[in-house]
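First the structure, in the form of structure tokens, and then the observations on it.
As written, the chains take the letters A, B, C, D, E and F, and residue 1 is the first residue of each chain.
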């Protein structure tokens, strides 16, 4: 690999280089690297400005949030705590769901439990018929 | 040493632009900085506004974010002789990727797929519970036909006028479908107009609703809707499809997919299919459709006098449709007694824009009586509006020669 | 907006109207509105018949279900209740799943816990391998 | 005033049909009411029956609901000179949307995608556990070749006969794939026949199974299947693909996707891909495939003598395939001893129709011994039947000139 | 059905059979059935070899796992047990998720609860942002 | 009796091959056994190795399993005059299914869709937190342009050299996109090389990283990244798209989809779309893209001297890119003070290969200081590498005539 690279480099540093196709190639390489750097340098300079601009807006509303808080330590919750939290969130979201469904369908799905409805029933019990399923648009 | 000095010579020439065809200056000419035109800037700003409205104001974000970003992507300047990028570019037989996306719009493929999704996510109970509210959805279609006449007066030909009229149906996919079939050259403007006004329903409708109703009417409470059996829900899409498509065969494609999706939802044995019809498939099509419509607003195709006219007609069209629904509700009340009388606000939901216009009705109704929930009642004309627009589209597709 | 509409209306009510393209336009508008109304009127009349026809069948089986029950009040369950119900449903559905999987695969997935299987394991533990995934058809 | 009176004059003429080309009567001629033919009504009724069977009887609803609704949508009458609606319509260069859906069928694209999904959802353990049951899946393919001969006798040419024969493989996607390659003009009839009989497996198979087995045979219990290691499951799709596709290269496309899907499922590192191969992608293709097959039954293409012959041959074909599987199980028993003997009922699962025919075996077996669970044993010939049909299809595609 | 089959059979057993197209048809049928059997017979013989080859490798590592264990009896867990197990798995997987997310995004999603973020919030609370969503590749 | 004896006569002739055109021997000629060539076996073995590496070593399994199985499926021998199976086969106007899959590759459709998915699953916080690390992603692109020069020296023409160079971008979709536009005949080899080396990142990069850094540098800890506000995350994709696409319009398609996907993710109002952009749609495209790329390695198109050269150049290219990133980090350190100094290991993540090369950096860094977590810092150059490669691709697409 590095041998091949060496050969290429040695061939590259020859007086023939700046002529014909290699000239084009070098031109492309220079333009290309300049463009790549220009693009990413542009971002490098604009992103801090963006941050400052947003922060200024934030400061007016909330002085405490702009501080550099550093990488937050990974919060290691006990499985028990996680279970409790996820159950609470689930309950909360189900409630939101219920509220949202009420608006659009005015009734929960009530499906007869005949045998030929098994497949349908399963999906309905399991489906997360959540806010994301509401009809917002086409 | 001789290498490095000749390199310097060459680089100097290269940067100054005299080293042949390939140099930094000639490349700069082909970048956005060299190719930009005022129209591009205007369109990019429009795209930014749409994204702002979608994210900050929550106006139909599922449509306006893709369209807005598509407008930006479609208006970044480039040299079309070098690469196929824009939605109409073909270079050396290779079509641009944006062109491939746009095929789904131009061929009329995406709108029926969206209708499949809408069918699979819509509960038709409200409509089954109080069928006479269907007529409000019919009345609102007057917006389509008056706009058609208006378009003729403004100098559009019959095909164009028909496609523009459909904006008044307040139904993005229907408008795109009709335009793709009979006026493909106006497709971009019509699609943008239709979707923009769907996003602006909360702005356009309320003043008209207030203008045309009395305080007493706005406070009227309606009889609670009845429980609908599952058998009715299963039979409805089949029967409704047979009736409406026999009457307007031009709507077979749109209504077929709408009711097919609804049957998948209600049959109880195809939930697996319904889930993806209204989920993955719908989301994928929404992403591609919105983005493709956005990219089709390339300034030099889009920024014309005609586009402005279409936007003006679209606004009028929405206003007329809203008025049509409200006034027809008042007309129906002449024949209805006691608690069967309709709150005319729900007539405004006769335009489609599901479920945004129904929500506008709910919000408006509660301004006058905080305990008056009109949303479920408004869902009936709202869905009827979708069906009505599709029928109107069907009529136009069969009558207007193309 | 309303000014433009006014202009349109005034122009529309001219003697020129019923001639040439406008004549076609008006014809289309009339046919169109008639068709739209015909379609939705058709539904308006047939849907009550449909309901009655179904109800007749239902009455034979269950006299109590045809009554107009009105919009059900949104049932506001406590988060606790919701959590309990969802856990029960989950357990029930998992059991159905297990039963169904037994039929088609006669064993649960038992996967070695080698490091290179992490991704796979995660999916399997989380995946709702439910009835909807059973092979019904092509 | 003069305006309104001239309006009245015009309207009268308009409704009577003497106001030029555009009037209500001429529009009525172009609606379903003006264009309807008896064939359309027949087909719509067939579609309704299919939907009824799917929803009420749970016969393959994922297939029959889309096909049934597609049949209805494809048979709503319309005037094909006005709009491209039907699956073969092209007007002014614009293809109908149903035609775009149908492209997935006609090009042979959808069947391999369905096979990918089947592979990603099928557990091949049963087959790995008792490889000799594979032969039952081979024996059942006799239905394909006898039907081919029967079709030749009934006057079909070689290409047509080969495509019709595949119905006996009891495998919708395989039948569609073969027909699309060598007899596209029969595709609709073959697809409908194949899927209908797949739905009717619980009706067709039991009498034949009872006719060909003794009471003792039906009560026979089989040795429990062994545990299969994950390594076997991972290697199986690769090895099976190499063997079967070397023997029948015509089956590379179908078997390649089947075993590719299975490898995604079993590899343990591509669950993310397997999930959507058997989920979203499969559902989307099932919706479009079923609907497109349905729309391809437009009465004036479909209602022919040939279609009836194909249906008759299809039924015979299923019966022969079932018999072939059962009889071969009895034949194998001549060479097997003690608890290695096969319950010949599971031979009936040698047709494909996964997993319906395996379920029929389970149900049938339990009629004679409530504690005899044959389902897992029947899954082996059942899946072998899929592979067998694909091999047979491969042979036909390479031998029959096209 | 069986009558038609009878007719076909009787017609088939005629002296005309081995001539013209039927000859081709029979040829195809014979080649076809031979190929189908060859393919599946091939598998029938190779699969046991495969099993033995794998087992040999397994034996070296674990002598106890090669035994034929038969169809495992469907384990019928009480709903309570299932609920407990699923909660535990959920907690465990959430923990894995957390760990994995830490690596790639170094912070959990913290979203402002302004009204216009309702939809987004719902999705985020409910979404199973699990291992399968990690960026592995293109 | 006479029937059965004539049958025997016929069968004997049939098996011996003298019964006309159709017999067992002639069929065998058309099977894999008759058609196989050494190249097929070589390629099938390569496919098997890829699958082994993917499953056992977990090297980019989502890519290597589909590609590996595709290589096998594409190299099963068959007679191309009988059936259209291979990715370039068209017979009687019917394109092969593998050809239909391959259309998504050849047309350049799949790569932007993959970029959409990457955008929708990538958190750009790391990059927003420390923008100067973007430059490492720029520096690593030197691999692209040196490889371009190397390819020219090895005798490839300008179009080919440009396409080969992009392998050094370490970005499968970008490489496929560029090759599809300017060197479609090398697409298979380039795609396989790009993806193979992406899988081999943990093998290729570490030695180079160790060679170019001192022990002290490798142990350097970096300042913790700062909290990024949601507003920044929403504005970033829009602003970044405007800047980069104005500078390199050729990258509009790729970067447009990347940043569009990211906006869907971050906007907070289009989660529904983001979920399927990075889920179903991405998985479906990954399956089809990988498999199609695999099938395009049919031995008689693929096994050429050029393919080997491309593989060699690809390896060099990856090495140069890695070195470029590391050395540029050291160069930047000349201008940085104190805790702002960069750990040069993260320069290696300036190639794309998200997030594998960032993981390699993490692993490498912890070999020297178990408490030094570099992953989040490495994500910045890693994502910058994706953007950088896309810009480079854009430049090549606009400069190189095609």
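Definition applied: a residue touches a chain if its C-beta (ideal position, glycine included) is under 8 Å from a C-beta of that chain, and two chains touch if they have at least 3 such contacts.
A quick note: this is a predicted structure, and the numbers were derived from the prediction, not measured.
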Path length in the contact graph (chain A to chain F, fewest steps): 1
Self-contact between copies chain B and chain D, residue sets same or different by half: different
Rounded Å distance between chain E and chain F, as computed from the means of their C-alpha atoms: 27
Intercentroid distance (Cα basis), chain F paired with chain C, Å: 41
CA centroid of chain D to CA centroid of chain F, Å: 37
Touching two or more other chains - residues of chain B: 22, 27, 55, 58, 61-62, 225, 227, 247-248, 267-272, 275-276, 279-280, 286, 376, 395, 399
Per-residue multi-chain contacts in chain C, two or more chains: 24, 26, 28, 31, 35, 71-72, 87, 92, 106-107, 116, 119, 123, 132, 136
Complex contacts: residues of chain F adjacent to chain D: 22, 27, 30-33, 35-36, 44, 48, 51, 54-55, 58, 61-62, 65-66, 69-70, 72-73, 76-79, 82-83, 85, 91-92, 94-98, 100, 279-280, 283-284, 286-287, 291
In the complex with chain F, residue positions of chain A that touch it: 1-2, 4-5, 8, 11-12, 21-22, 24-26, 28-29, 31-33, 35-48, 50-51, 54-55, 57-58, 65, 68-72, 132
Contact footprint of chain C on chain B as seen in their complex: 127-128, 131-132, 134-135, 137-138, 141-142, 144-146, 148-150, 152-153, 157-158, 161-162, 224-227, 229, 231-232, 235-236, 239-240, 243-244, 247-248, 271-272, 275, 312, 315-316, 319-320, 376, 384, 387-388, 391-392, 394-396, 399-400
Footprint of chain F on chain D - complex, ascending: 107-109, 112, 116, 181, 234, 238, 241-242, 245-250, 252-253, 256, 259-260, 263-264, 267-270, 272-273, 275-277, 279-281, 395, 397-399, 402
